[in-house]
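Here chain A shows up in two complexes: once beside chain B, once beside chain C.
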Partner chain A sequence: MSAHVRRALEEITRIRGVRGAVLADRTEGIVVAESAMLGVRREAIAALGASLVRRCGVLLEGGGLGVPRHVLLQGREGTLVAVPVTDELLLLAVGDAAVNVGLVRAELQRVARELR
Partner chain B sequence: MTERRPRAPWDPHSLDAAERLRRQGDLEAAARVAIDRLEHAPGDAAAHDLYARVLADMGNLPGAESEWQEVLGQLPRHAGAHKGLGFIRFREGRLDDALDHLEIALASAPGDPAVVQAMRTVRAALQREASPPRDRVFEGLEGAGRGLLLVDARGGVLGGAVRDADGFDRSELVGGYAADLVHEARRTTAMLHLGSWEWVVVEGSEGSTYLAAPTDEAVLCILRDRGVPAARLTLLAEPALAAAREWLHEQTL
Partner chain C sequence: MRNTRAVEAWTIGPLEHFVGQAGARLVLIMTPAGQVMAQYGFARAVDVMTAAALGAGIVASSSEIASMLGQPPFAALGHRGTHHGIVLSSFDSPRGRLLVLVVYGVETSLGLVQLFLGTLVDDLAAACPVPESRGPVLAVNFENELNRSLDALFGQ
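After this line comes the complex of A and B, so read on.
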């Protein structure tokens, strides 16, 4: 599975503007697999992404809106996209501020479907 | 077993049989008995009350109201008639009037569980209907009063409201979680070198939410059910952010 996952993550990283893609453990916030440019903090993406999505889940539940399907975090200089795969796994991609988030999301969801 | 042969109309017990028919859902048969009884005894308040209940079950509320008014003409504090009219006023959205009728019904029939439950329902509706002043922040905007919320950095509700599908206010709960999420979003953008945090959209299985900061000290939270695409929330956010900034500015003057 790891070679297949790594190839899938590399495909996401080939999208223009994407700096890195990580498959993370949702509970522990640790890297399961990754494909990222030099200098990208993979461990931080996994840890912070998992924590963020956990809080998103709490907020959605509080508002009666179900469970997270997709999270988009926009910073002035970059973007984080997250798509839960299962209760245990989470796909994350970090890119430039102007990255095509629709394409990144579609690719993350495609990979997530393959991993389920 | 359904009672098919009710008693004769001159027998006062015929109404008991008719009530059983009504409860069994045989509204036509119940109506026939009530009408027969009223033809035999036009002033029988119990028969008018029963016929009104049958008409209400049939969805004929104007007819039911007319019958209950007839009852009140004879017995101004008749519990059943006031209970029935309370139901009709509730259906019309006239909640204060509904409560007035139910209070008279309860005074005439203390402890009637159906009236007590009906009063609870009406009071809950009145509470939901009450629009606190904080709703004025987003007055006129789509989702005002149910899906637009302004909180401070510590989750305290400043304005707007979030209500679930049943109309219950979830503002404080959502406000607390939203402020916590924004704190984490700021930390994440900083540590991943994504620049200063601008906004976050979360698409859920039953709906979506959008968070942004109109000022450094406040958080705007938009919630919509799944009928609204998550991407549309960023469009809805612009006027809401402008309204929030304006309101916050007014508060500091």
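After this line comes the complex of A and C, so read on.
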């Protein structure tokens, strides 16, 4: 993993409540790079996150709403935010249920721009 | 799931769960010798036999490469084509070492297949009955055993 990408992912995980950030291959749903706490299921996040974003894309495009700019899922015990970087890459962050979602999304979009 | 057939019935539940979760198109569970224990999605016996032989051969070849490199056999191998990808994975089970060959399409991904392969391995270990001691394979029984296996995999 290049130092540049690692630094970018570490910046996301510095946000209070964020447990991990994963850069995933959108087609294959595999981890390209990650910065995450122990116990965060990186492979599951990459695989299921990529699948979720792909399905959301089908839904949006089917409804004539364009391509997804971000996907947000909030559960009782955690939050997932996903931002497409390119056609091949996807940036995901997982955090606590009470994490500042707006801040995480803005940071993911900033890092995604840097990585493009 | 109508396309699932198994020589050993305890493999059906874990296999159907895996297919449902991972979205696989074709799956073979087999021994390293290429003896098929269960299959999903194959319509013809000849395709199963060919896939099993090729899959077992690939795992054997890559295990030799791993041995030359002084490391344990590779846990998984993957190839991606334009329309399909394959994953070959080997793992230890109560019945000894087993192989899984998965063919998947563009509707799923390598990550999902690998993720749910882990669940399949756990489910197979949990479902596996205590191994019975088996007698020697005798020539007189061989054809009956073979026919029984083929009936289980392809019979009506």
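By definition in this document, the second predicted complex is superposed on the first by the 115 of 116 C-alpha atoms of A that agree within 3 Å, B and C clash if a C-alpha of one lies under 4 Å from a C-alpha of the other, contacts with A are read in each partner's own complex, and residues count from 1 in each chain.
The working rule: contacts are C-beta pairs under 8 Å (C-beta built on N, C-alpha and C of every residue); 3 or more make two chains touch, one makes a residue touch a chain.
The structure presented is a predicted model; accordingly, all values stated were derived computationally and were not measured.
Q: Once both complexes are superposed via chain A, do chain B and chain C end up clashing or fitting?
A: Because the two structures are overlaid on the shared chain, the partners are seen to fit without clashing.
Q: Is A:A24 contacted by the first partner chain B, the second partner chain C, both or neither?
A: second
Q: Would you please give the vertex angle at the Cα centre of chain A, with arms pointing to the Cα centres of chain B and chain C, as a multiple of 10°?
A: That angle rounds to 100 degrees.
Q: Using the superposition on chain A described above, determine whether A:A46 touches chain B (first), chain C (second), both, or neither.
A: In the superposition, A:A46 touches chain C alone.
Q: Could you tell me if A:P84 is touching chain B, chain C, both of them or neither one (first, second, both, neither)?
A: A:P84 contacts neither chain B nor chain C.
Q: Mind telling me which of the two, chain B or chain C, contacts the most residues of chain A?
A: B
Q: Please give the least Cα distance, whole angstrom, that chain B and chain C reach in the superposed model.
A: Nearest C-alpha atoms of the two chains are 9 Å apart.
Q: Which parts of chain A are touched by chain B and by chain C alike?
A: The answer is residues 44, 48, 51 of chain A.
Q: Show me the residue ranges of chain A that touch chain B in the complex, using the header's touch definition.
A: Touching chain B: residues 41, 44-45, 48-49, 51-52, 55-56, 58-60, 62-80, 94, 97 of chain A.
Q: Provide the residue numbers of chain A that touch chain C in the complex, in ascending order.
A: 24-25, 27-31, 43-44, 46-48, 50-51
Q: So in the complex, the part of chain C that touches chain A is made up of which residues?
A: Contact set of chain C toward chain A: 80, 108-112, 114-115.
Q: Mind pulling up the chain B residues that touch chain A in the complex?
A: Interface residues on the chain B side: 162, 164-165, 170, 173-174, 176-178, 180-181, 184-185, 187-189, 191-209, 223, 225-226, 230.
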